[in-house]
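What follows is a pair of complexes built around subunit A, which joins subunit B in one and subunit C in the other.
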Partner chain A sequence: MLKPFRKVPVLNTANLLLVENEEQLQSRLGEIILQIEKDVKINVRLARKLPLPMDTQDSRPRIDLVVFIVNLMSERSLQCAEKSIKCLDPGFFLGKVCFVVTGARCLSVSTNHLLTVRKMAASLHCPLLFAEDQTSEGVSTVAVRLLGILKVAAGLVPLATGLSLNSLAHCVLPSDLDELDSLT
Partner chain B sequence: MDPAVRNLLLRILRKIPTGKLEETLTKWTHLSRTQQQSLNYSQSKWILHENIVYLCEENGLTMKHVSELDMIYCMENPTSATWRACQLTDAEDDASSVELISFKEQFKAHLSELIRNVSIKIKKHDDESIWIRIAWGDHFSKPNHLKPTYVVHYLQTPYVFICNLSSKNKLLLHQALVLATKHGSIKDANLSGRSFHAVRDLLMGHYNKTFPTSHSRPLKERNLSPTHPNIVKEHIEQAEKRQQLAREAFGEGTVPKLERATYTLETRFRGGSGIDTFIDSERPFKTVVTFESKSLLASLRHCVSSGMAESPVSPLLSSITQKGRNYFVITDKTNKGPDMTTQSFRSNV
Partner chain C sequence: MPQTPEPSVSGGRTDFPDENDSTCSNLSNRSLRIAEKEKKKSEAEAPLSVALTYFSEVKAGTPVLGNDELEGHLVRLERTALAQGLPPHAVSIMLEFAMSLRMTNAITSRVLRFLVPASVVPQEAVLRGVSWLCTQKLSQSNQLLFLRWVLTMFDMIDCKDNLRAIYGFIFSFVTDESMCPFICHLLYLLTIKEHVKAYRVRKLLDIQGKMGRQPYILQLLALYKVFSPEMVPHSVTSRMRTGFRNHDSTWKAPLAALAKRRVGQETPSMDLVLGLRQKPNRKKRKFHHLEVPDLAPAMGPNSRKGVCLQQLRSFSELLDNLSSIELPAQMGSLLSSAMALHYLDCVQDESAFLRLNFWLGHALQEEFFAGPVEGGQESMAEAAHFLSMLVSTQHFLQEGFSATEGFLCKFLEVWDGFLHRPQILELLSNIALVPSSQIKQVLFDPLMQLYFTSSVFFKCSVIECLSSMLRKWLTWHSVCAKEEGLNISLNNRSTMSLSLSGFLDSVLKLVQFVGRLTSAGLQLERCHTLLLHHALGFYEMVSDMYLKYSLPLFVMLPPGVFYPALLAADPIAVDRLGRIMFKYRQNLTHAKEQRLKQKELYLQISRSVYEEFNTYLVTMVGFLWNSVAFGPRSGLAINQRLLERTKVANYSSSFNLVHHPAFVNYAVDFHQQCWPERTDMDLNSIQAGRYWDWYVEYLYTQGFEGLRDFIKVSINPSATRQSTAHPLSQPSQSG
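Right, the complex of A and B next:
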């Protein structure tokens, strides 16, 4: 179980954990985030799934933001994210978790996958970002947005906390979807 | 020139790409140096072929010479048809003493005893393999050179590779092979593929195998580590282990190109009641799972190394390389290997 407050924070540092089963987008995202941020020291940890292995526990810093990257084209990716969420301490859901969805533009993707992710993000009150992973502009856009959330979650932005950002930016399901669900 | 010879020559020439034509003709040696120099390879294919046929007519070449050209091209490019591997069993005591000349004589004698109109050509390749081209006829018709069977055998090994063999002639060929190599019988090795070299390497173990070790690789070979010092991979140990497993199961570097692997499951339906169709449990329940890819072994290796397939590697998949076969019949009822990996495999290919 990954705990948010097990380690003491380091001054002027933000630590990001990217969880992606396919390992396609996460290293690119990490590199871009490190490139654009010069003032703050950022550590990026890449993982395929949670729980994280025990042997890297000592070297692992306090995680400020956990990002689950879900590729809608692969069912396995979704299942893996669903399983991984259970290994997070509930404390993370107070503004330290974010979902990124890729491949939503693809027409062959079944709409159920997207709906599942949205429901998951809505029930956990987490932000949900859509990413275009085929173009470099798309990747850098997501990187910039993630960096913004990370800085807030790490407490580097005055007068803003992860929790307050969450209450503004968390994913909401449209009400008609709920009605549709109750009908079926 | 006989129209049949001319026809065959044109057909063979059409098969050979223009880029390889010059090289093949040089190896053939039935056109003189000046004749070859007179050919203009930048001309259109049709005119070039007509010129070559004209030169061959001038030299008075016969069916024997023309079929040799076919053989030379096939020996250099054995990827045109499906090659099946066979294994000779029950070697006699003097089987290891068979050498080329006696094999040639024996094989020709036995095969022409069995069938009258047959044209056999035997050639030795640079790598000690014996290539046999057989054009089959029957009692009333001449040998058909348009659809020859190719057989490759390495002396002193039990392996024979056959392509383009019709079932009608199968028994005859098998009998001649068994007698000429002094073996008791021959059986199908359950391995086939479009590339002769891949089939051969897989069966005779000629490719880059990695043997299981408990030691991790030296540091310089670890290319998985990310570029930036601030990026740390949490699962690097597992990733390396998976890579190692993949290499152990499917080899390293370029692997033999195999196109498919087929698993036939023969079992009885043992589900709960309620499904009327399968309730007749006396009848066997057959399932066929086929994996297809341009290079199957490379795809499977990628599946394992990227974590898409469950590790450890299912013995059903790793036995493609370990046993050198790609057709399996599973009668063991507890084995669920292919079903488990079907889904993960499909996502890759």
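Right, the complex of A and C next:
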């Protein structure tokens, strides 16, 4: 079980964990994030799924933000994220978890998967970001956005905390979906 | 008797006759060539008629094998057709020949494949073709080929009213499983309102039950739904995926070549074409949803009913024919023509808007929500171009399409905040008033999630977009309110009408939403100057809503914007804040007077607005003028002990006009001008006596007009310095 406060934070450092089963976007994202940020030291850790192996636990820094990357075109990707979430300490959900989905614009395939991810993110009060992974501009856009969230979550932005950002930017289910749920 | 030259064998003279010979042969060659050319020429003209005569008269059952005459005519016709297209009568004859199956199916197929019309296809020919189709003699592949041919050439058919008359006959083919997709497409192109009948809908639903949810049937049903919404169940069309395929592969190349040649001949005469509407040269693309069709008429030019937009060349012609204009076959083509947009704007034809919205909604859906996402630069540019065209069309019509709004609602939910950002935000700022019950879900929820997780520049552009949206709503309201009193209808074509309170509700929600965005955004971005100015720009509009847009709504700016602006290091921000406070004061005063004068009941200004305004006013005057910053009466009261611990000596005067970080360089400048010989700088000396007045005057000359207006109305000039702010008294009867 990954815990958010097991280790003390290091000055001017933020640590990001990117979880993606397909390993398509995470390394590109990580590289761009490292390239953009010059003021603060950023560590990007990549994983296919959680839980993380126990033997590297001691060398692993404190994780400030966990990002689940879900490809909506793939059922497996979604299932993997769903399973991985259970391996996180509840403390993470106070502003240290975020979802990124790709392929959301292909409605014919992704509608149901998108709904599942939406429900998941909404029930966990996490932000849900959409990414255009086909274009380089799309990837760098999502990298910049993740970096912004990471800096807040790592406490590098004065007057802002991960929890406050979460309360503003968390995913909201459309109300008619709520009604549908309550009916069924 | 003339002597003929004897042929000689002697060496010396051999050359001569040879030469003679060669000239002879040259001569004969030339005449031969000329003759051949002549022959060719006449062949080029005559053979067409000869061949056509042959094909119109050839008897059924004429043998094909070894029939050189047939082969010759076919080859000649094929060459002409592929090179320059066939004239209308030739198309009629050849179609008749092919469809009547006077020779084999192979010949029919061959004829159909080269049947490229030069200009138009006579309707009668297609009619006869369809009637031959009814005989069921043709092979299945030829039946399909014929249908594909009709679909490809559809826009070239000179007139379609007789085809519409046999709609029922054509409809009867939908039961044929292989022909169904093509028949559905043809019906889609032919359907008018009168064709939509309950039994046809039932039949289609029946077929759908057998064959599954086929896109072509869904498309046709969707069109039926446009014409008579009550006949088609909603569930049918709610989740449409793909549309009709293009079937023009067989004739694409020659048609394109012909079109190219025609374009070369024609001189562009439309001077009413808008700048953006030139179609870019596009290469092959997988999807063509965004291709704006040409302005081809639904009725032929010779139909009695009306004039098609394509024929009009000038604005005066448009005016002359306004009542008899026929809409084009494909509504999307309206977007490409400024003339059509003028027409659309004048006529306010409900069905035209319905059809256009349908086309648009479909095109947008197909482009942005279907299939594997394409990442090519070219398709991105094409999509951006299309969206830009949509933006300029909406600007031209000065209203948004409902299809665009539907698209935006969906798109915002899955947007990454970058894809086509300028166009999307521009389109978003154009949307018509959203009822307050839906505004949260449609606009606010998706925007919140994007806004707070994106960069400060995205935040600025969102505020910019919402400002522009509010400005359009307010402008629209002020125009409508003058025209129609208080009974506002949301849109000329929509049935939903909105009372003033409904409008106020939506505007109030929007202003409050922007208040949340700006306050929290400024906090997150550490009072970024650019974002602060966007927020101030928004509130410059909000503060003047009553006087400028005659909207009786007063919302103060939130503390999250007021204090960052008041304490900003940027003098322009303080100046703009001064202007905003001045505007609020003007509006509130005016509203109060109106209310006392006319006893207007709708002008209910809540007491809290006055209280908020007065708190801000006292704070601002205390900070800038009276040097009582952080005092107990200001809105930003801070415990005195805490302030002393900061070790700032004169904290209470540290934000007056002299010491304020935004103005301190002006104070230094002023100090130097007043006492050029003094080496020690003592800014406090500006605060004494007349120097203060001069300093304030000096600030006015530096262009701080907002500040000047604010000071002139808020501060009593007679009681210098320790003057008190002029708070607005609350009207006694306000609730």
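Simple rule for what comes next: the second predicted complex is superposed on the first by the 179 of 184 C-alpha atoms of A that agree within 3 Å, B and C clash if a C-alpha of one lies under 4 Å from a C-alpha of the other, contacts with A are read in each partner's own complex, and residues count from 1 in each chain.
Assume a residue touches a chain if its C-beta (ideal position, glycine included) is under 8 Å from a C-beta of that chain, and two chains touch if they have at least 3 such contacts.
All of these numbers come straight from a predicted model, not from anything done at the bench.
Please determine, from the superposition on subunit A, whether subunit B and subunit C clash or fit.
On the shared subunit A, the partners fit.
Just checking: does A:Cys87 make contact with subunit B only, subunit C only, both, or neither of them? Give me first, second, both or neither.
Neither: A:Cys87 stays clear of subunit B and subunit C.
Looking at A:Arg76, would you say it contacts subunit B, subunit C, both, or neither? Reply first, second, both or neither.
In the superposition, A:Arg76 contacts subunit B only.
Output check: A:Arg48 vs subunit B and subunit C. Expected answer is one of first, second, both, neither. What do you get?
The first partner, subunit B, only.
Quick one: subunit B or subunit C, who's touching more of subunit A?
C
Once the shared chain is lined up, is A:Leu34 touching subunit B (first), subunit C (second), both, or neither of them?
A:Leu34 contacts subunit B only, not subunit C.
Quick check on the superposed pair: does A:Glu132 touch subunit B, subunit C, both, or neither? Answer first, second, both or neither.
second
First (subunit B), second (subunit C), both or neither: which does A:Ser59 touch?
After superposing on A, A:Ser59 lies in contact with subunit B but is clear of subunit C.
Rounded to a whole Å, what is the shortest Cα gap between subunit B and subunit C in the overlaid structures?
Comparing every C-alpha of subunit B with every C-alpha of subunit C, the smallest gap is 15 Å.
Considering only the defined contacts, which subunit C positions touch subunit A in the complex?
Interface residues on the subunit C side: 241, 368-375, 380, 413-419, 441, 445, 448-449, 451-455, 520, 523-524, 526.
In their shared complex, at which residues does subunit A touch subunit B?
21-23, 27, 30-31, 34, 41-49, 52-53, 55-56, 59-60, 74, 76
Using the touch definition from the top, list the residues of subunit A that touch subunit C in their complex.
Residues 103-108, 114, 127-132, 134-135, 137-138, 141-142, 144-145, 148-149, 152, 157-160, 165, 168-172, 174-176 of subunit A touch subunit C in their complex.
Considering the complex alone, what residue numbers of subunit B touch subunit A?
Result: residues 226-228, 230-235, 237-238, 306-308, 344, 347 of subunit B touch subunit A.
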